[in-house]
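Structures are listed in the sections that come next.
What follows is chain A paired twice: with chain B in the first complex and chain C in the second.
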Partner chain A sequence: MLVRLAWRNIWRNPRRTLVILLAVIIGVWSMIFLGAILRGMEAEMLRNAMSNLTGSLQIHHRAYRDDPVVENSMADRDKLDRVLGISLGQGAHWTRRVRVMAVASNARHSGGVTLVGIEPEKEARISFIGSAMTAGRYLESGDKNQILVGRAFLATFNTKIGHKLILMSQDIHKEMASKAFRIVGVFSAESEAVEKQFVFVPLSQAAGMLKMGESISEISILLPDLDMTGTQETHMALKLTAAIADDTYCVETWQQLLPMMKAYLEMSGFFLYVWYGVVFVAMGFGIVNTTLMAIFERMREFGLMKALGMRPLQVVKGVVAEAFFLLVLGISVGNILGFLSVAAIARNGIDLSVLAAGAQMWGIPRKLYPEIWVQDLVVAGLVVLVLGVLVSVYPAVKAARFTPTQAMMKN
Partner chain B sequence: MAMVEIKDIKKTYHQGNVTVEALRGIDLTVDTGAFVALAGPSGSGKTTLLNIMGGLDLPDSGIVIVDNNEFSRMTQADLAALRLHKIGFVFQAYNLIPVLSAIENVEYVMLLQGVPATERHDRATAILDDVGLEGKYNRRPAELSGGQQQRVAVARAIVSGPAIVLADEPTANLDSKTGEGLLLMMKKMNKEKQVTFIFSTHDSMVIDYARRLVTIKDGRIVNDETK
Partner chain C sequence: MSMELKMAWRNIWRNPRRTGLTISAVAFASLILVFMLSFQFGCYETMINTSVKISTGHLQVQAKGYLEDKKMRQVIRDPDQVATRLDTVKGIDAYTFRANGFALVSSDQRTYGVVVTGIDPLGEAHVSTIQSLVRTGRYLTANDAYAALIGAPLAKNLKVDINDEVTLLGQGRDGSIAAAVLTIKGIFDSGMDAMDRNVIMMDLQGFQDIFSMGKTVHEIIIIADALGDVSRVQQDIRDQLSGKREDTDLAVLDWMDILPGLLQGIQMDLVSGIIMYIILIIVVAFSIFNTFLMAIFERTREFGVMMAIGTRPSRMATLVMIESVCMTLVGIVAGIIIGSLLTLYFQQHGIYIAGTEDILKQYGIPDRLYPRLSLISASAGPLVVFLITFVSSVFPALKIRKLNPVEAMNHV
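On to the complex of A and B.
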């Protein structure tokens, strides 16, 4: 019956109740909706960063990251293959690369690039390059002097598909090595910097040119699931390190490889919760205000209840129960609306290409698919419910403080 | 045996810089099973006295003992419990919780007392029948006449099995016929259940029903007669 009493009291002034409800609904909805967009953006940025030759994890020679030269390469590729075959779970992919600074030149221009030797089929499953071709073709197994360059590279070097490109770098004996390649394909990337930076050739050709034999610069691994917290990667890194059992090799997660990304993700999660706080403060004032109003209107009734023998604490409970109902109702509807609106735009994504030019610089993706995190839902729901109940305690205590006679006097 | 014992009660109200001496030394003893009327002109202190007897208001000085409980030694929570279990109130108006139906209003006190639901329902129905409200259980206060509302209030005051009912001008808003019905009902409860009744009134008809009439003027008892 106390539940019924609270429920009916809520609907005594439907307009006021609807106003609070609306505030809660809009607040919760905005928390969920903006949270989903932010999380979608984060996920897309992380995916982009990973597909930009990073992957979930990488294995290098211990010294490679400080000094990425061909001498710091990994010789025992068979052993690494075996370990990865056993230790990585279902759905994980990995690929080998040779990666070295080089100078590219043709008749008109020359400039520094990163020469990446890849295994075309495996690479396609891990990084962006497999699906980034805009002209010509992708590399195939058996290719020899074929090379892929970026769209922006073509313009800088004033060249086109079919033309030659000379690459020069230091080989493993510190001698100058060079090789002529022919452009067969052009790729596009999220940013022009990437298009100008990377050129791709078959792994064997790069290794041959640099006299590396069977050695490779890095292994990039992509785990099947995206874990924005990096937990699964950390576990996998420990597992691989133990399995390889050789400290000339070093396994690193994307969090270690992309410290800026890690910091960015942490900060953006923090700001989301700050935003929740801001939304709540606005909502909280509304709740306190309207509840106070409702309570002063019903002063006489609280007096009556106390005269009938209701203890002050019971009065507080009654008022808090009313706020609780309102909040639960508002949170539920807010959640439903949040889900619906996110589902509606998740189907096609949000096209951000209008802002693309400016946004690219910040790594913001062209297309955005909002993502709802259970953790965010729980935090949003709890923030509103717990803080909402807490702020309603103030008016409730006010109600309980009315002495019966004071309250009854106010005719 | 005394149900209510009051000794030298004084109560002064301050409102802004106006001071009103509402009660200026009241001594009163009311026996168990009594049916007492408090009469007196408007502003004489009747409501103040009833509120003090019910523990709704505290006197500035003096002693109040109801059913062997001395108020000055009790906390707010104790007083609430005493009201809940021993004292029934009927106010002049606005007696009922507007969002609850007649039967829910009656059940409400029993709910606070912790009476189980079925018993609550049975007792509430029985008492509403007693006060002549059969078939109107589910009406909200706004759908009842003033007399019917007062009868629900009386039913609620009695249903919890109080030792004493304090009624402040229970008939003031009623026509004389309805008022008389209500009085007869209270008198019946008084006889059958030995519930002590104290009510304030201006109404000469109500005064005729009382076995004892206490008259107050300017915060003092000026006359006390038992018929």
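On to the complex of A and C.
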């Protein structure tokens, strides 16, 4: 009865209803839209960070992360192969790497780089390097002394494709090892720092130069789905650790490998919800104000109801029920609008390349595709609904306090 | 006009509750904008000043092309002469010389390629925070020619500690081999990974000997009195250096040239901030638009009466506009005052956001953030709020012109 009364009351004055609805719709839409942009940015940042040689999970020798040298490498290749073959599910990719600090030099320049020995075909499925070639070619399985360098590296070293590059590093016996490579391909990356930092050679060549035999520095694993909370990675890490059952090997998730990224994701999620609160307060003033005015306009009506014997509590319930319907309606339309606007810009993405250098430094992607999270929708909807109902109690109590005489005297 | 103003002012306070809520909405939006903008500007200034103090300085004098190529031979030939010119420029707090080279650094067990930076220990202490970043051991003194400061992670990787020796092997300015044995006197930890892992610092004179630099240096690092003075000081230095033939191949760069990433990062953050503010302002504008519109509906009868006694619709529209402007102004002033007080409070005490320490550490910022109130941060947001609410009050005011006195008076 109360519900029906409330529903009919809303549509008695469609103009007033539409005015309040509009405020709710705009508020909800803005929350969804902003949330989608932020989440899109986060997802893209995480994807970039993962493709930058991190992956979802990595396996190292226990001491490697603190002290990334060839001595701290993993020797038991067969065992790792076997464990990974059994434990990883469908769609997951993994690859081996040798990764070590080295000095690159040619006739004109010398500088520190990270030498990465890769398995070309497997690596291409996991990190950015497979799709980052801008000139020359990618590594092939039979390659011997071929090397890939970054675009910015070419400029610093004043060199080009086909030229020689000497790499020096300490081998497993702590002797200086060096080997000449020939540049066959040039890659581009999200940041110049990455282009200058990494050089890629075939895994077997790196291992040979450093006298590592069958040992490798790291295994990088990419799981098929992106999980921003890192839950699936944590589960997988536990499973792998149990399967390897050897504490000289250490399995770590991207959350452990990229603590900054984890902290950033947590902070930006928190900040989004704070902003939801701020937007709600801005919207709340409008809701209270318009509802109050509507109540005063209907003073006669409330007086009449009370004269007919309606109790104050029933009046409060009635007004709150009206607010509830309005909020639910506004939230639904706001959601639909949010979906439509996000879908419209998601098709082409938002181009941020104007701010390229800033994007590099802050790890923010050059192109942004908004993403809607169910969690954000629920939070936005709940914030608006719960707080909206709460603030509508104030006008409702006002309405319940009208005495029949006072109310019916009006006009 | 004064008559309308008086009527408008009285009309506003005929319904104090509604007016109060409308003003609160405007005040809230203004307050948030004042605080958030001040907070952002404060963070930027902290970021700039910390980055600048850890390494780059507000301004640098370098040989042209050194910024891009970092070649050993791109030197400032006569740094002392440039220094005498700098002494005549007002607004410079301190300056110092530096030289950089690449070398292999080996301990007993390990070898790494690093950047070796030659610093003048006394001058450097006035310019950068390096002295306070030395966590173990001590900072360099004037006659420490073959002593070195090393980053904590690099020391760990090289497996060296205080008073251990490391061997340098690199290439001098003239292409000769540069080799030396340095004793580690201090271990620093700036929090910035790139610096802590890749840099060894030593005395400038020792550096000049080892790398055959003679009296030349690569960079003159300058700290201005205040961040706001930087562009003026830069121009003054350019003026001082121009016209002297031997100086035409020198470049005067500011922190934006040296750290383009920092500037663009700030711009990017500002842009995303502005998007959020625009969304907030739109929501507030709708709140206010609704209130105005409802108020007009409510007062239909009153307008009908006024029309019937001969008030022209345009005059009533003006009246309503003045009412809305008055309300907005009161809200904005209240918002600016409360927002400024709030900002000033946190400017004194700082804001601590849990979980951000690691991120801040990367930029060398301590764990508290300080907003900074300025004329721009206090006025820009509220001004936009004023404009938007003004526009959103035009439509309801125009509605009045369509009223018909007879119908309007019959309106309940």
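Just so we're on the same page, the second predicted complex is superposed on the first by the 397 of 411 C-alpha atoms of A that agree within 3 Å, B and C clash if a C-alpha of one lies under 4 Å from a C-alpha of the other, contacts with A are read in each partner's own complex, and residues count from 1 in each chain.
Following the convention adopted for this analysis, a contact is a pair of C-beta atoms (placed from the backbone, for glycine too) under 8 Å apart; a residue touches a chain by one contact, two chains touch by 3 or more.
Please read all numbers here as calculations on a predicted model, not as lab measurements.
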(message) As a test of reading the superposition: which chain, chain B or chain C, is in touch with more residues of chain A?
(response) C
(message) With both complexes overlaid on chain A, does A:8 touch chain B (first), chain C (second), both or neither?
(response) first
(request) Quick one: classify A:264 as touching chain B (first), chain C (second), both or neither. (result) second
(message) Applying the document's definition of touch, where does A:33 land relative to chain B and chain C: first, second, both, or neither?
(response) second
(request) For A:307, select first, second, both or neither according to whether it touches chain B, chain C, the two together, or no partner. (result) first
(request) Could you say whether A:290 touches chain B, chain C, both of them, or neither, answering first, second, both or neither? (result) second
(request) Once the two structures are superposed, pull the chain A residues common to the chain B and chain C interfaces. (result) 411
(request) In the complex, go through chain A and note every residue touching chain C. (result) 15-16, 19-20, 22-23, 26-27, 30, 33-34, 37, 66-69, 101-103, 109-113, 156, 168-170, 174, 176, 259-260, 263-264, 266-267, 270, 275, 278-279, 281-283, 285-290, 292-294, 296-297, 352, 355-362, 364, 411
(request) Spell out the residues on chain A that touch chain B in their complex, using ranges where they run on. (result) 1-2, 4-5, 8-9, 12, 300-301, 304-312, 314, 403-405, 408, 411
(request) Would you pull the chain B residues touching chain A in the complex into a rising list? (result) 51, 54, 56-57, 76-77, 80-85, 87, 89, 91, 93-95, 97-100, 104, 107-109, 111-113, 156
(message) So in the complex, the part of chain C that touches chain A is made up of which residues?
(response) 17-18, 21-22, 24-25, 28-29, 32, 69-71, 102, 104, 109-114, 156-157, 171, 198, 260-269, 271, 275-276, 279-280, 282-284, 286-288, 290-291, 293-295, 297-298, 353, 355-356, 358-359, 362, 412
